[in-house]
Amino acid sequence: MKITQTPLVILNFKTYLESTGEKALQLAMALEQVAEETGVNMAAAPQGADIWRLSQEVEIPVLAQHIDPVDVGGHTGSMLLECAKEAGASGTLINHSERRMQLADIDLVVSKATAADMTSVVCTNNIQTSAAAAALGPDFVAIEPPELIGSGIPVSKAEPEIVEGSVAAIKDINPAVRVLCGAGISTGEDMKAALDLGSEGVLLASGIILAPDPKKALLDLVSKI
Amino acid sequence: MKITQTPLVILNFKTYLESTGEKALQLAMALEQVAEETGVNMAAAPQGADIWRLSQEVEIPVLAQHIDPVDVGGHTGSMLLECAKEAGASGTLINHSERRMQLADIDLVVSKATAADMTSVVCTNNIQTSAAAAALGPDFVAIEPPELIGSGIPVSKAEPEIVEGSVAAIKDINPAVRVLCGAGISTGEDMKAALDLGSEGVLLASGIILAPDPKKALLDLVSKI
Amino acid sequence: MKITQTPLVILNFKTYLESTGEKALQLAMALEQVAEETGVNMAAAPQGADIWRLSQEVEIPVLAQHIDPVDVGGHTGSMLLECAKEAGASGTLINHSERRMQLADIDLVVSKATAADMTSVVCTNNIQTSAAAAALGPDFVAIEPPELIGSGIPVSKAEPEIVEGSVAAIKDINPAVRVLCGAGISTGEDMKAALDLGSEGVLLASGIILAPDPKKALLDLVSKI
Amino acid sequence: MKITQTPLVILNFKTYLESTGEKALQLAMALEQVAEETGVNMAAAPQGADIWRLSQEVEIPVLAQHIDPVDVGGHTGSMLLECAKEAGASGTLINHSERRMQLADIDLVVSKATAADMTSVVCTNNIQTSAAAAALGPDFVAIEPPELIGSGIPVSKAEPEIVEGSVAAIKDINPAVRVLCGAGISTGEDMKAALDLGSEGVLLASGIILAPDPKKALLDLVSKI
């Protein structure tokens, strides 16, 4: 079932040890608790090998970090959409800056996700690629200037014109596509600024994962909405 | 200087022996002769190592087949835009189905080409990716369903709705972007059909390169315009 | 704990629906039963998202199909060795022909697997690359001429000189590296021929996965040892 | 015709503006002059689009920086060995750390170069990959620890054990393969140290290309042999 409720917080677990295996499970449970306590929609995007484990234990949406542009068959080492779905993923990140994809492959995975009723979140790096992504018709476009990822400098403050420009360009091409804002976001002020700029949520990672107390960091994140 | 005159015929030399080195030069001269005789604008897209050699000998536009998404510096084995330009290229194909690129890299090379006053031709595979490419603001989008490339079955006949749909989607997003039509095109009828569907030219390869008499094939190609 | 017992049968689950999710679990249980009944060592290489699920249910070795050449940190969409291990993988395929890797990356993943006490199985396509792989010191080299993969034509019959030549070249460089034989193998005769040529086991996939009765096919496979 | 005379100096032009087009030609002429004046064998590895231009003007060996692992046919944007050869290249770098290749592709290009009587220089990053490369039978292996490339810190001083270990491992596997030493080398002392460690030449780039007077830098480089 697709994600519809916003504001939305997606936590990209990446490949940190702090968000792997048993610790991934704890982090997902923190997300779930904060979602329940605050009413803000929270989704977890763990590593592929953790999808089943988390899906068995939490009720929040679980997304894949990446789906390979392949159909069923002989594709050793690929993340197959059908496998991710059966493991419990209800959507996927696509084209994250740490896993960029070819244009035709982004289109293919968005189409496959749509056909499978899974939420598609295409990551982009600037206004032009955000507009291009919108033309492919995903559920969400997450704009993340790569130079700010992991920087602790929130895009909503450092380059607000990129967020505003992306929102405008995306809505101009396809008003049904919703916009998330990523890169450097970790505090309640960052998130409020992101929403004020027209986004409907955030995609974040190390700011929460590496925080001394991730649950507390999540509570702070949504405190100013 | 950018290509402006249409209808436009771009011949992608690919990596056939029939379009390599000395034979690439002969093919470029055939293109030039047909351009002069018929008044139809013709451009050659030879292999990188043949760009300088052709540019010294012919007056028609010479395009690179690919530019790598890198800036000057330490990038061994890359095709640098600045090098292609100094060698005589006045534009480049981008994201050909045999050399697909990541979305952010297509955007980067289109931007670099624009800044260098070089013609950018982004190749796409369906209506959605054509729309996405248009959002990046290239000079041309060349729509080529991969399954028809080298097939001898012209896209303008086999899947006219893809050409028409792409033209409509591209113009809707950016009316300044012009559309070329590729894949399977080799005869005068194919080209006429392509233009009738709203494209302003064709991108072709083996149908001409491997013809017994390429010059004759080119003359036939433009005979029904 | 590393795999030591041979002859060894590794079943690469690839991305077939017949070896995904619930069906992957059934297939792993069939492998386990045949291993118990016959005493032949059997390992399962499921998709990443199925590793945890299978590891919880079966006692046979579970291998990843691929590990990305990254360390812990910001690597969205990657298969991290540490995550695969915690999910239950005791080894990994490396450089399968459907997921070829750069030379330096093969070396990195072999080194990481060795440091983590995980079994490394490097796939190769001919005698020279088998020799090269042996120089990297993996536990196993699995020789699979790509043109025979999924063909139903066993390498042990079609190109026995590649298997013999690979065994000789590998042992010459590093006698501790053991050799598996893949591509087209599915019957007891195929496996016997593979062992007679000097290999210590087989890597197989569709011949078993798509068989009407995989357990029966496995029993046949090891019937002539 | 293959390169046989050592010591050998290969200058990788990379994609610096200082080694592009007209400036690439000047640099190649400086290499030629120093080769004539000192009797030391010097080769130029310019960008693909400069190969023909340089080959027409200088007598020293010209190498490609990269050859794509493709045969003649439909491979848009690839550097075809046959095209590089006709343009004047007598050999090629393979698997440079800035253009790493898959193991099977390195093998393919080494084989193609050998069949075409062109010099093959496989770049590697450590002792294990040097040994692996030797097993593929190229003419030269050039060992370049990536962390020292462009650093100004010569590998021959910073990590002499990697050079010595690579020479030993390579000769152990195939005594006919000759070893070059790269990364951080720019002075006469660096080159002497490289030769003393068992290498038969050097592969270098920015230390010469970006020097105020490249010819003078080259004369210094070979002054202590």
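Note that the chains take the letters A, B, C and D in the order they are written out, and that residue 1 is the start of every chain.
The rule we apply is simple: a contact is a pair of C-beta atoms (placed from the backbone, for glycine too) under 8 Å apart; a residue touches a chain by one contact, two chains touch by 3 or more.
Since we're looking at a predicted model, the values are computed, not measured.
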Message: From the centre of chain A, which other chain's Cα mean sits the farthest off?
response: D
- request: Could you please state the distance in Å, as a whole number, between where the Cα atoms of chain A are centred and where those of chain B are centred?
  value: 36
- prompt: Where the centres are mean C-alpha positions, what is the separation of chain A from chain C, in Å?
  reply: 34
Field: Computed distance of Cα centres, chain C from chain B, in Å
entry: 44
For chain A, residues that touch 2 or more chains besides their own: 97
Message: Output every touching chain pair, sorted by label.
response: A-B, A-C, B-D, C-D
Field: Complex contact set, residues of chain A against chain B
entry: 95, 97, 100-107, 111, 124-126, 128-129, 131-137, 169, 173
Field: Interfacial residue positions of chain A with respect to chain C in the complex
entry: 12, 14-17, 20-22, 47-53, 64-66, 70, 72-80, 82-84, 86-87, 89, 93, 96-99, 149-150, 205-206
